[in-house]
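Right after this note come the structures.
The following pair of complexes shares a single chain, chain A, combined with chain B in the former and chain C in the latter.
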Partner chain A sequence: MAVSQTRNLGLPLINLLRLKGVPILQQLHLEERLLRTSSDNWCIINDGTIDPTIVMGISGKPQELLEIESILRDDIPVIRRFTGGGTVIVDQGTIFVTFICNKDAVPGLQSYPQPIMSWSSLLYKKVFQGIEISGFARMIDYASCTAVVLSDYVLGDRKFGGNAQSITKNRWVHHTSFLWDYEISNMGYLKLPKRAPEYRQARDHLEFICRMKDYISRSSFIDRTIEAVGSEFLLRSAELEDAHCTLGSKFEPSSRLLRKQELGEAIFKSLTASQS
Partner chain B sequence: MASKLWATRAASYLKISFQYRGFATVIKDLKYADSHEWVKVEGNSATVGITDHAQDHLGDVVYVELPDEGAEVKQGASFGAVESVKATSDINSPISGKVVEVNTKLNDSPGLVNASPYESGWIIKVEINNADEVKSLMDPDQYSKFCEEEDAKH
Partner chain C sequence: MICRKIYQKNPWSFSQWWRCVYSATVPPSSVADAAARSSSFEMGSLSRVQATIFTNPRTLFFLSNRYEGNALSTSFGIKGCKFTSQTMADLPIGGVVDVPLAQTGEGIAECELLKWFVQEVRDQVEEFQPLCEVQSDKATIEITSRYTGKVLKFLHVPGNIVKVGETLLKMVVDENAFSNQCFEASEVMKVQGSNVSELDVVDLGLRKAKIGGVLATPAVRNFVKQLGVNIEDVHGTGKEGRVLKEDVLSYAASEGILKESSASSAEQYLQGDQKFSDISSAHGWEYEDKTIPVRGFQRAMVKSMTLAAKIPHFHYVDEINCNALVELKASFQKENSDSGVKHTFLPVLIKSLSMALSKYPLLNSCFSDELQEVTLKGSHNIGIAMATPHGLVVPNIKKVQSLSILEITKELSRLQELALANKLSSDDISGGTITLSNIGAIGGKFGSPLINVPEVSIIAMGRIQKIPQFDEDGNVYPASIMTVNIGADHRVLDGATVARFCNEWKLFIEKPELLMLHMR
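Up next is the complex of A and B:
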């Protein structure tokens, strides 16, 4: 792995935290704490999470997004996270990459959703440069149907990664879950979302997503990501203990596991809605 | 134009165009915070929302997280959030006091924040503690200039 650290004049410092198999709720709590109580820049890479878990965005409605009866039957945990965006089911085949930055960390970048997504798309362009798919060598982000935004990472017209953000007065988080691999059966827990980008064209999950493992090895993706980050920041390796040391003890993260009772109530809401 | 550098680089690569306006509407008689919220003070009562500049840069608002009535708000601190384009963005209070009313219409119609940021898209009403806090906020001309300078830097 060749990490560029020679070009360090004027590059902002970023703490690189490499994790493996950390539960996604623990990762989200860490991210929220670092956003709200740290003044450092952080890049967190979590290589897989232990148990299959559903993660909804802040405004997600279970009755609209989830096959709740199957989820309750199979005891799949459901989390509501602190960032916006859609619903994913993550497991050990998912690779998470998160940036937590001060608003002036990236020169010329205004801390609003679209500029931040523009910046990250160009960073990941470096990661995926040269990936060949059936004669293409192209990675593009598509616009959503409601606004001109950069939303998903696709190969061809199949999504392999999605991102979401949280922006405070002076800092922002941009996190991405990459589908390096996934279980076909897990996708059955998710309904077709009402709000979806135009390019999805009402395709169900299995017709809409693809596996990164068909195009790039796990270690190569992570190494390339670190190299790309190193081209924009001065990397400093950090351990989980370093992250916990900097955290304020009073802060309570908002990302949480939904209780079974809440999911049961959501079934009732959907039945009531369908009868009215 | 917001974040011209990153927007145009990405747009050129992706062959798409961004739809930011080059100006933001400001309303006289309101005061403005540098985090792009506005406040209308009438006696010891204040109405708070986000500015036209903010709603334009955030994109279509799909959800507003409102505080509870009775909650305390503090000048400069966050009291709620808006969701747009897969991002939650803090809303910070330009004034300290107690929340006496929240705009519950935003629960079903969050897009009011975009369509009418200074009127029907208001977010909270506050019983203010200290009217002098308003003096630290910007008037319409100062805020317009602030927005231009901020956009020009990026």
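Up next is the complex of A and C:
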């Protein structure tokens, strides 16, 4: 007992919030609230969300990224989140891991996108250590012999987790949605994005992503992630109520559900654009 | 005052202050570099300034003037403030600054402006107050202000793509903001999160230099010099005993150096000075020429390209069908059990190149003009052009003829990591016999490459593009086509040799199974 305490001295404190099946919009609202109104470090793990939902980045244009007609027909909710990045479709097979930290929580970490991604990829490397996985490495584009910016978590050259960040004056959030499992049919709602990292090489979704469940069990992934976090922070278990307690009352989250009307307008925009 | 005391003890210790001072606006390395430079007042390593020019244009001015006093007497012809040529004493403001989009992380060249946090012209902005939110790739980032002042003009609207270094908005900086500055780092360290307007910020541009124990701007110092007055005799009425222009004027008047009635001539003096005070408060550097001495990798490039210019080049262009190559790579990756290895096209291209060279050794040779002889090199040391943040570098893989594709893959990755870290040894970059340039990975269909002296040929590969092709039966099928351009020394090689060599290489790429025929 004394030994482990000594080991933990000097590590920054982080509140670990374990959730299961929380709707992604609620999670995003919580994250944004914690980013802007809390001064603690948080690690949120949400084990699956209930309904399949599409989550776009802050400046995503629906007409370019989504098959809107199928989405409207099948009544799939579309959310625009408060961080940048691309579009994902999440469901019960998705595991979410989010870090919300103060600028100086991790010693030596500069709060810019690349260093943060670098830090988190090292953390996840620990999670996959020992498991027979190919190519979980820094995204260096060997063909060009230049380092491309770190972008996705890959096994080999297939993406298994998408991530995004938001960096404010004193804090940052880095959240990831891991594809533990996914429905092939769901991927049909997403178009091929115009802006894609080099390694994607114009592959469509099914050739581009892979399932984490082929390599690791759900509980094992979550346990190992918590263990990895515990090696860099002092963990303190938190409950959802704790998160709400620390929050200020006047806060309006910016992640929101897009209304059907907006999606309809987006189709119209894309049609008129192609006609002109 | 604490300021002065610490200054005298340890004037140039800037170790970690930058982190406190600059939030998302200035990347640490550039400011630390700037700090190191200012401490020696030298121009050195201006190659690094290249990257930082956008973040801190003021630094350039500082660097280009070795002599702190005299520098200001040269005229810059810079667009300074838009104010009348009144003395600084009359106006409570400083000048106009351009606030650029600073570097937000390596490799990011542009960001999308998402929203402004200040809405109107003339809105007050405090130092470290968030100015706007931008999005770069996956991150939304708050950009905070370096200055205290008022918004003068917005140069972008939300939705615009702003390149790193481009001006986001123009601000009128408060005079008070300047008078609060001195070079003391420790003051800065204390102020994290506290009252920002009283923060002493270190700005390595033209802030009031506290040298010789008296606080005053370089403009004021120059004026003092021109008047032949000793600045230490002047009683400063500015903040912390700062000597302002009106202090000098009143001192000079009281000493009879300048009669009060000849204030107009003093104004003329000061008109000249106004330019300097403009410099000290504003900057229109963007129209100035920037001189960068050639260093490091760029210097090597100058040397080798000057030599290459002497070679009579000819270029041979061909297209290669990479369908088989794409399948091969996929198959390698599928069977890959080593997590440290990532399979790409390049190793196969390198190995097949080596096979072709075995049949056409003239392309792997070296020409000596003085001795008028061609040396056919025994080893295939294939150089790979790499674009690193430090510049173009061409390390080579030695003895490719004896290496397996897997070994080539590992060696390539080793060289690349070293190149990125700028840790290549001289052995890594010398002894090459032929060069491959995969410029296509960055862009372009094909290039016309220049030979890497003393080699006799170089191969530039364009991007692999999927285009429709006809097969033997006249049916259209999708083909991944790569254009290559072989640059060759016409003193050693002729078109026919290069064409045959290229056909041989092409054959190995389009039918990689033929490599097995030569397997030992």
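By definition in this document, the second predicted complex is superposed on the first by the 254 of 276 C-alpha atoms of A that agree within 3 Å, B and C clash if a C-alpha of one lies under 4 Å from a C-alpha of the other, contacts with A are read in each partner's own complex, and residues count from 1 in each chain.
Definition applied: contacts are C-beta pairs under 8 Å (C-beta built on N, C-alpha and C of every residue); 3 or more make two chains touch, one makes a residue touch a chain.
The structure presented is a predicted model; accordingly, all values stated were derived computationally and were not measured.
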| item | value |
| --- | --- |
| Which of chain B and chain C A:I58 touches, first, second, both or neither | both |
| Which superposed partner A:A243 touches (first chain B, second chain C, both, neither) | neither |
| First (chain B), second (chain C), both or neither touched by A:S121 | first |
| Which superposed partner A:Y112 touches (first chain B, second chain C, both, neither) | both |
| First (chain B), second (chain C), both or neither touched by A:S166 | both |
| Which superposed partner A:C210 touches (first chain B, second chain C, both, neither) | neither |
| Contacts of A:T83 with chain B and chain C, given as first, second, both or neither | both |
| Touching partner for A:A202 - first (chain B), second (chain C), both, neither | second |
| Chain B/chain C common contact set on chain A | 57-59, 82-86, 110, 112-117, 140-141, 143-144, 146-149, 151, 163-169 |
| Touching residues (chain side chain A, partner chain B) in the complex | 57-59, 82-86, 108-110, 112-119, 121-122, 125, 140-141, 143-144, 146-151, 162-169, 195 |
| Chain A to chain C touching residues, read off their complex | 57-59, 82-86, 110-117, 132-137, 140-149, 151, 156-157, 163-170, 198, 202 |
| Sites on chain B touched by chain A in the complex | 2-3, 5-7, 9-11, 13-14, 16-19, 35, 57-60, 62-63, 65, 76, 78, 81, 83-90, 92, 150-151, 153-154 |
| Partner chain A, residues of chain C touching it in the complex | 19, 23-24, 27-28, 104-108, 112, 114, 128, 130, 135-142, 144, 193, 333, 336-342, 344-346, 384-388, 409, 412-413, 416-417, 419-420, 438, 441-442, 466 |
